[in-house]
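In what comes next, subunit A is part of two complexes: it sits with subunit B in the first one and with subunit C in the second one.
Coming up: the complex of A and B.
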């Protein structure tokens, strides 16, 4: 085997430009595959991290009637928990309301959240730093779409638990910047005590956010969704995007492999006297097949080394500086949490996996034409008469 | 003394169109160790076919070819490769040097297949290059060599493993007269010093002058088996 590698290496280096063309295209493919996958992995990790940080916490204990995708459930999907059971849980109550910025009417979700909570990154400490009657924090998207800024007072109308309309002014005390638009657009966050008071639903919550110490036990009327369950959908969407992107790099890999296949076929045809000489000098046919196959797979090994040499600074640069997303690309367009800057994640597993994919596929396409050598008549090969 | 090569009723047929072409017809020959012999004859007389059978690159359609007590007709691919690797050296008309290797690497190749150590290989290659007078150009690529130099590298490659038999197929066909003489003299010298059996396929008069036995083939049959006496032979 060592001999075959030694000879294959000599042959490839001796073949000059032909080798470097194949190695070049394969190295390019290697870089593209790693870059795309690293980009998607980075996006996935960021999306998961941001979703946990801003929306999911360590899991959600939802009222059994609450369906986040069905706003009609909001009216009745709320309840109380015994204080013993609400340990390590932070309540969130959701009610529908209308907001009147500059005379326009906007339907919003009014979300009550504990000012002292630590489970989510929503800046609820701002509630304590103001003496506004109803302080509210909103996200940047909500602020931008409605031209709202800190200090603005806007009329809010809501119904209490009996369905009676009430209205009051809220004051924007903080605008937060989050990559998770599902806690931002069309939503205002106010102190839950205030919301209980406004709606006469003292102690009620639509769902609870669990912190890292929470140990779930079955609670009648409530359903717990772990962090992993909540992230499942997100992961599935990323996997789907990853599968569709893989078509592109598989095409690229296909082109590179076709180049190797073509080189091998041409090589066997052009180098038939050489093949005959190898056999005359004492190599078995299968040793020659092995030599040609290893030559083919060595393209991929050399491409991997070249790919790492060229790719490493590129990967490092983008992993450190991220890739800016155009402003018009929003979570609504993508259907998934997306940051304005994505930091690709290039793991060791990704490198090894790509290396294995490139080397194994190059070895297979090299072997396919090479195995024909086993049937070559050495006398015809020496005369250059193999068709 | 047991012959080193024994050809026994060897016939070789090749398919040709609907029928077949008989390249060798019932050949019977024996060669002793240390012979410097040639098979001569016009094109298509079966010289190369006979050499290929002796070299275990081809097999007879019928009959037996014993080379170093091994019947070529019964050898597996692996066994015939082993026979060529250990005991046979080949010299071709167009040298067949491996183009991407240097002179040194071309000569070294046969020893690589024998798993010889680096030091053993280096020593043997340099000695073989000395035999053919090319010890000063081990790093040259075949494309930079003249015809005579190329064939001398091929001789060094065939001789480096000190085989029992060297089979040379028209070794001087691509060389001018001066180079042809020089090449044959080199081989004659190696034959005398190392006792290696040389078997040529040729129709070159210059080669014939040095041979101690000439087998004339015509139409696939032995026409004449001629022993050359020392007085008629060039040295």
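Coming up: the complex of A and C.
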């Protein structure tokens, strides 16, 4: 075995540029695979963490009529929960309203949230630090798109539970920075007690955020969505993205493997006398097949070493500095959580998995043309007559 | 001395009653007279809606048929983009037919609160079919002059829970029994909408304002003008007009 590796190494180094071209393209593929997967894993982890932190908590108990994708359900999708059942739950009530900054009219969702809640990172403590009549916290996307800043007073118009119009000024007391656009754009967060008073819907909620101690039991009229269920859609989108980007690196891998395959076919043809000599010296045909297969798979090992040498500083740089996303992606509601900087996550599993993929596939494509050696007549081979 | 005081006090009381503009009508009677003047069993109206936007002004011409307060049918005639769009209101239901998609949709819930063709009017504003006297308690709170016309100023306070506006103020022309101005207020007392009625003309023996401006006062801009080009009171309207089938006709 050791001999096989030594021979293979010598042959590869001896082949010069041809070897380095094969190793180069395979190393490039190796880096691209790890980079893409690390990038998607990083996005996935960040998006999940941020979504839980800002939007989902430990799950949501939703009113049975509430559909987050259908704003028309908001009018009637709210109700009360017996206080015993609302333990470890924080209520959120959603109502539609119109905001009038500088004479423009913007449709917004006003979301009432408990000022003492700990389940989400929305800075509700800001409600306690102000004496504003209706304090509101908004996200930085909402603030930017409507030129709002802390201290601004804006007129808000809404309807109470009977549909009667009411209007009053709200004061922006805090602007938060979150990667989750679905709790930011077109939304204002106000104390739920105030919203109950404004809409005459005392004690009502559209949904509840569960904390880590919440144990769900069936409640009629309400539907519980666990954290995992809520994250499912996000995971599916990222998996789909991962599948579509795999086409790119599979294509690259295909080109690299084709080059190895081609090199193997050529070397078996050109090294007939060498093959004949090995057999004449007492090696079995399969030992020669193994020798050529090892030689082919050596490309992948060399590519892996080269890939790690070149890739490591690149991976380290991006993992610590992140990859900046364009503003239009992060500032608009793309329907999925995307951070302003995505920090790729290069796990040990990803490295080993990619290494295995490259080595195994390179070994297979090296073995396929080498099988021909098993059928070679050593005399013909020595004479160089194998076609 | 004591008798003088009583006489002076009596005169002041008499004068103050006169100054308060006590008319021969009560607020309810005024509203009733306005209703008699403004409403009829049926109408056919050709009108133009001028929507003043932030950057441009759009004009939408339509022809509307109405019977009582519960049946209304409107067909948009211009501009080209809106031409053929039809709306049918039967009691509390509203359907809209869009010729480009050849589809009829029924508006409900929050869709009714959307603006009609980008104007300051919502579908719900068009849907309101209750008499003012059914929803509001009216009282005369003063007299004012608008465009050289003496007006009663009436304050209307909602007597039902589900009125869109808790309070209204309306200025009624004392001679012609036509409102010349109206203000709609939120529960907090914030003024929300202002309606100005102008160009009052005599049509079929009744006074009718042919130019109405609706203005969302919270929004910048000049609001939306609703100009009546032609109106017929109490015409015969065939039943098939107020039928869903007429939307696609």
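We take it that the second predicted complex is superposed on the first by the 373 of 387 C-alpha atoms of A that agree within 3 Å, B and C clash if a C-alpha of one lies under 4 Å from a C-alpha of the other, contacts with A are read in each partner's own complex, and residues count from 1 in each chain.
As a convention for this text, contacts are C-beta pairs under 8 Å (C-beta built on N, C-alpha and C of every residue); 3 or more make two chains touch, one makes a residue touch a chain.
Every value quoted in this text rests on a predicted model; they were computed, and no experiment measured them.
**Student:** Could you classify subunit B and subunit C on subunit A, in the superposed arrangement, as clash or fit?
**Tutor:** On the shared subunit A, the partners fit.
**Student:** May I ask you to decide whether A:167 touches subunit B, subunit C, both, or neither, giving the answer as first, second, both or neither?
**Tutor:** Second partner only.
**Student:** Which angle, to the nearest 10 degrees, do you get at the Cα centre of subunit A between the Cα centres of subunit B and subunit C?
**Tutor:** Given the fit on chain A C-alpha atoms, the answer is 150 degrees.
**Student:** Just to be sure I read the superposition right, which of the two partners does A:313 touch: subunit B = first, subunit C = second, or both, or neither?
**Tutor:** So A:313 meets neither subunit B nor subunit C here.
**Student:** Could you say whether A:326 touches subunit B, subunit C, both of them, or neither, answering first, second, both or neither?
**Tutor:** neither
**Student:** Just checking: does A:10 make contact with subunit B only, subunit C only, both, or neither of them? Give me first, second, both or neither.
**Tutor:** In the superposed model, A:10 contacts subunit B only, not subunit C.
**Student:** Which partner chains sit in contact with A:279 here, subunit B, subunit C, both or neither? Use first/second/both/neither.
**Tutor:** first
**Student:** Should A:103 be classified as contacting the first partner (subunit B), the second (subunit C), both, or neither?
**Tutor:** After superposing on A, A:103 lies in contact with subunit C but is clear of subunit B.
**Student:** Taking the superposition on A as described, I'd like to know which of subunit B and subunit C A:349 touches: first, second, both or neither.
**Tutor:** Neither partner.
**Student:** For A:75, decide between first (touching subunit B), second (touching subunit C), both and neither.
**Tutor:** The answer is second: A:75 touches subunit C but not subunit B.
**Student:** In whole Å, what is the nearest CA distance you get between subunit B and subunit C after the fit?
**Tutor:** Minimum C-alpha separation, subunit B to subunit C: 76 Å.
**Student:** If we count contacts the way the header does, which residues on subunit B are in touch with subunit A in the complex?
**Tutor:** 52, 55, 57-58, 77-78, 81-82, 84-86, 90, 92, 94, 96, 98-101, 105, 109-110, 112-115, 157
**Student:** Which subunit A residues qualify as touching subunit B in the complex?
**Tutor:** 3, 6-7, 10-11, 13-15, 273-274, 276-277, 279-287, 377-379, 382
**Student:** For subunit A, which residues count as touching subunit C in their complex?
**Tutor:** Those in contact with subunit C are residues 71-72, 74-75, 96, 98, 100, 102-105, 155, 157, 159-160, 162-168.
**Student:** Taking the touch rule as given, give the residues of subunit C at its contact with subunit A in the complex, in rising order.
**Tutor:** Interface residues on subunit C, with respect to subunit A: 108-111, 113, 158, 161-166, 184, 186-188, 190, 192, 216, 218-221.
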